[in-house]
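Every chain is named by a letter (A, B, C and D) in the order it is written, and numbering of its residues begins at 1.
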Amino acid sequence: MELTTFFQQLINGLQLGAIYALIALGYTMVYGIIRLINFAHADFLMVGAFAVYFFASFILTLTNAIPPIILFILGLIVALVAGALIAELSNRLAYKPLRYKPRLSALITAVGVSMFLEYFFASLPFIGPSFRAFPDLLKPVSFVVGGVYLNNIQLLDIGLAIVLMILLTFIVNRTMMGKAMRAVSQDKDAAKLMGINVERTITFVFLIGGALAGAAGILMAMTYPRIYPNMGILPGLKAFVAAVLGGIGNIPGAMLGGFLLGIAEIYATSYNSLLGEGIAFAILIIVLLVRPQGLLGEKQSEKV
Amino acid sequence: MKKVWRNLPTLRLLIYAVALYILLMLLSSGGILNDYLMIIINICLIYVILATSLNLINGITGLFSVGHMGFAAVGAYVAGTFTTLVWKLPNDGSVSTTLLFIVALVLGGIGAAIVGALIGMPALRLKGDYLAIVTLGFGEIIRTIINNIDAVGGPRGLLGIPALSSFTIIFVATVVTVLILRYLVYSSHGRAMISVREDATAADLVGINTTKYKVWAFVIGAFFAGIGGGLLAHLIQLAHPTQYGFYASFLVLIVVYIGGVGSMTGSILAAFVLTILEKYLLPMLLQWAGLGVEWRMVIYSLLLIIVMIYRPEGLMPREAKFMIPEDH
Amino acid sequence: MPEEKKVVLKIDQMSHSFGGLKAVSNFNLDLPEGVIWGIIGPNGAGKTTVFNLVTGVYRPSQGHIHLLGEEITGKKPFTIVAKGAARTFQNIRLFGNIPVLDNVRIGMHKNYRPSMFDCVIRDGKFRRAEKKMREESMELLARFNLHGRADEIAKNLPYGEQRRLEIARALATNPKLLLLDEPAAGMNPNEVDKLMEMVYLIRDEFKLTILLIEHQMRFVMRICEWIKVMDFGETIAEGVASQIQNNPRVIEAYLGKGVN
Amino acid sequence: MRNSRKAFVVVVLVIGLLAMVVGCAAPSTPTPTPTATASSPTPTPTTPPPGGDIIIGCVAPLTGDSATFGKSTQNGVQQALDETNAKGGLLGGRQLILKTADDKSDPTEGAAGITRLIEQDKIVAEIGTVQSKVSLAIAPILQAKKIPMVSPTSTNEKVTLVGDFIFRACFIDNFQGTVGAAFAYTNLKVTKAAALFDVGNDYTKGLAESFRDAFTLLGGTIVGFEAHPTGATDFNAQLTKLIAAGPELLYLSDYYNDVGLICKQARALGYKGYFLGGDGWDSPDLVKIGGADVEGGFFTNHFSKDDTRPEVQTFVKAYTAKYGEAPDALAALAYDAANLMLDAITRAGSTDGTAIRDALKTSNFKAVSGTIKFDANRNPIKAAVIIEIKGGQQAYKATVAP
């Protein structure tokens, strides 16, 4: 492989990885606190993307005079709010009744919520199953550095993924709410006895997780400007894999897992595109066999 | 008499099965159960095989496999390849087609079991969600591999599989599967598997080779999934990689958990209820209500959520009496 | 001259550490047949680790373990059980969601093993094995006064019965050596007395050698013929009860250094 | 004990319920035994519907990944039926009714769906389904029941080989690839080309392979041949590799939604050459998704919307008016498939399957995608056109006869 190609692929991998990492952050966040693999997370992303789509389309029919950066920021806010709302709604209606029930029934419910959102959106007459072009919120600008092509949206993806990870780490480690979250993740009942409002903490986690999904949604839609109700399935699955790879429940781990999976997938694909996906999964399996707890996950030693 | 009836659950199970078979056959030949209902019943039965075999892995042994259709894919492709090849040979009618089909199914099951053993290996080191993700990854790898083997059609699928899955064969295969799994679960080996689910460390320390039983659970579960896959392929006369993705695996997982994890009765019941609901009742209801067919899955997933909220342990969390052998 | 007794468990220079922390260092033991010995020590002294090393949960970083003359160092737990060591747990670990009878039968699995094929076709081998397993299990349960509870779900038993069931399950594996990890934990004096009787009884009836870990001094001092005291992984003293009681290092380990 | 009873009772009740419902729904129609062997002389069905409506079936992927294609297909068929109904129906004023079933892109669902349409709804003909894998599962069932089927878009050669009741309205796999290769080599004077396709989709794979083979045969060089998984959104890895090999033309056999993204990403990676593809490109959404980056791309298609033939103009106008968007290739082919079937029913003068089949065989029908006749394998013989994306619109470029 030529050197420029190598670096180009690295950039490609970072871009894809950033998307995975953004989604994985939300997965890992919810998992870390209530041990639920929230399969619907990828669909919160889709809801966020559609919210921005309708919002932006509406604004753009009114006026074209809004500066792109303002439009993007407004869109981001809409995405965050939409993601947070749908996440909390799912939590309230579907997950909360199962809080103290077998863990796997909550998982199946999550699969149900995921299916519901996908099919419901595809069935709604004003959304439907078709692919829609996502409007350009920011004008894409490409530039070439030493033969390697870059663009502003790639940099935005990578930058925002890192910023959000830092923000999240800060929230979890440095704030009162973060402390409460960590307490709930250790032991719900003990946390309750210590005067922590467990349900409020979980709500907060879902709001943040949903907002992250919304952010991932708008970025994904800007990077790959085609949205449809099933748009979350494949990246969601990969992001979940990334979260596990990094050590599920671990925020920097999700980030690392996302970027590693993205890069691995890109290089595997460029090596052999027929087997690219399979190779990415094979890497995952090998990593997990060597480190069953994921890359940054803590080893759970069992007490006998 | 009543006592005998109560004390011989196996006999009861068989009588139920035979009665059901005769009933269905009568209804079918009488034209009351048309081809549409028969194909649904066939699919129900195949789901019974898939769900009970997954239940052995997830429910009985307490592992967490989400790539069950990967095993079914191996079974479908092995069995399908075998029959398509054999059917090309000149046949003077001396070899019974049913016999050949059984051979094909068993070969498919063995193929799946070998893959199951391979996938069972990581189960020794991995737990819970990590194991889940690895089985999911394996399932996708199997699909990717099949997609790239042009000899079995690649993305075109394996075509021209003879239509050998008659209702009778599917029914017998289902009953045999259920009987075998039931006899296995209610034996000392089954109890050993259950002890792995309950507390693997403690099981190890009362002399259970937990490693062995984890792998066996995968091997046996995969074997029957392979049989299910083989039956499906010969029912719809083709095998296609997209039928065996993670989404399809989730549907089997849903059957197991809606039915009640660890309960074979639950898996059987849920396989019927969910398949009939999805493929028969909902389309009919929608037609009656004048809604588009696309709403079917919306209602289906909504019902799924509601059932889980109101019956988190599933529809039939406990085994029915006739599913527990008398000598247990 | 007293009769030379067979050594059931022999541990030489066994050490183990977690990360940098020495959990057990230079542990030695020659456990003669038929005795009841005890290991005591404050929390975190490494007692349970000794059990975990003997039963194969961990692999010792140094040293050798022999069970009935056979080296078992680093063997897998189920093989060690097969060679005749059984144990209970500090925090009871039953198979909670299944009947009491099945808990015991699982313990018996290693003794009767019809093949899976036998089980599936329900042949004579299977039926004979099942019959014997059921009979022996019921007998064993009766020993522990649990036969009335055979069909109950294990986790629904009261605490004391769960403790007894755990011992019954360990005995189902047909051991020569029984390791009891804090059998008297959470019991009142009355129950402790009963437990003591039971320990003697099973020792004689099942021809066992017993090694136990305990916190309750009263129990240990009364039942154990020989006591080893551990602190920070080291053996700081051993002897009969009276010797231990007056050993200044033991007192120090339990009560801390005096002001002076 | 009670529980066990309950379980069993529920199962039996459900089945009993089914039986009852069916008993009511289909009172006195004698069902021919399903196991009728092919050798026994089959009597023509003794119950030609006594007038009333004519039921047409359409199995299509209405949910799942390909739902949008299923939707277009359904719309196209509905359009054809509505037009005929508006003209007074068929066979002396009988109205046409469309019954649909969702196959979820799954062969098993397709098989269940088609049997439902046959048994419950008593369809006389089937238009569908979209994907070859599902068509291959439903075709044997229709063949056994002697109900004719025209698949609008199943390109796999094997589909119509299932039996003589199975027809199609589209090209088979290799035709478009060959046409595309010839256009690239002779018209665009390109000698180095590369291809990208969906590894999980037999249609795109088949097209890419036939392009590769034809292009090489003509004397061109294929410098790259890469795949992507179904549902992918990121094609950068493949494109970087392909572009590094220096092709003058990229052959993109995907559907419009993927093509839009691929073109965008290729241009962002500095690719300057041509794009060429197949009829999967034909959708107004191509330009919406791909924007300026698909400008100047070429694709092979069944017809051009600029074509002045009345069939084309009426269809495009009526469809756009009804559904609020211009028809894509799937809608057009479904419309053609339905009209072919309706034409055959008219010529057969009855709704008898065998009669319709015989009429279909002798079709010579002026469809949107050209005048369609069937060859011996029930594939249409028709010309392909080359379309160029110009100023965000589809512009007619050339016609290539088979």
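In the analysis below, a contact is a pair of C-beta atoms (placed from the backbone, for glycine too) under 8 Å apart; a residue touches a chain by one contact, two chains touch by 3 or more.
Everything numeric here is computed off the predicted structure, so don't read it as measured data.
Nearest to the overall CA centre, using the mean of each chain's CA atoms, is chain B.
Most remote chain with respect to subunit B, judged by CA-atom centres, is C.
Centroid to centroid, with C-alpha atoms defining each point, subunit B and subunit D lie 32 Å apart.
A separation of 71 Å divides the Cα centre of subunit C from that of subunit D.
Our note on geometry: subunit A versus subunit C, Cα centroid distance of 49 Å, whole angstroms. Residues of subunit B in contact with two or more other chains: 147-148, 201, 292, 294, 297.
Counting partner chains per residue, subunit A shows two or more touched chains at residues 119, 122-123, 129, 233, 274, 277, 304.
Counting partner chains per residue, subunit C shows two or more touched chains at residues 57, 89.
Residue ranges of subunit C in contact with subunit B, taken from their complex: 55, 57, 76-78, 81-82, 86-87, 89, 93-98, 102, 105-110, 112-114, 116, 119-122, 126-127, 129-130, 133, 169-170, 172-173. Contact residues on subunit A toward subunit B in their complex (touch as defined above): 31, 37, 94, 97-98, 101-102, 104-109, 111-113, 115-116, 119-120, 122-123, 129, 233, 237, 240-241, 244, 248, 274-275, 277-278, 281-282, 284-285, 288-289, 292-294, 302, 304. The residues of subunit D lying in touch with subunit B in their complex are 1, 3-4, 7-8, 10-12, 14-15, 18-19, 21-23, 26, 30-31, 33-34, 62-63, 67, 100-102, 104-112, 115-116, 118-120, 132-133, 136-137, 140-141, 156, 158, 199-202, 205-206, 230.
Against subunit C, the residues of subunit B that register as touching in their complex are 180, 183-184, 187-192, 194-195, 198-199, 201-211, 216, 325, 327.
Residues 2, 4-5, 8-9, 12-13, 15-16, 19, 119, 122-123, 128-133, 136, 140, 142, 144, 149, 151, 220, 223-226, 228, 230-231, 233-235, 265-267, 269-270, 273-274, 276-277 of subunit A are the ones that touch subunit D when the two sit in their complex.
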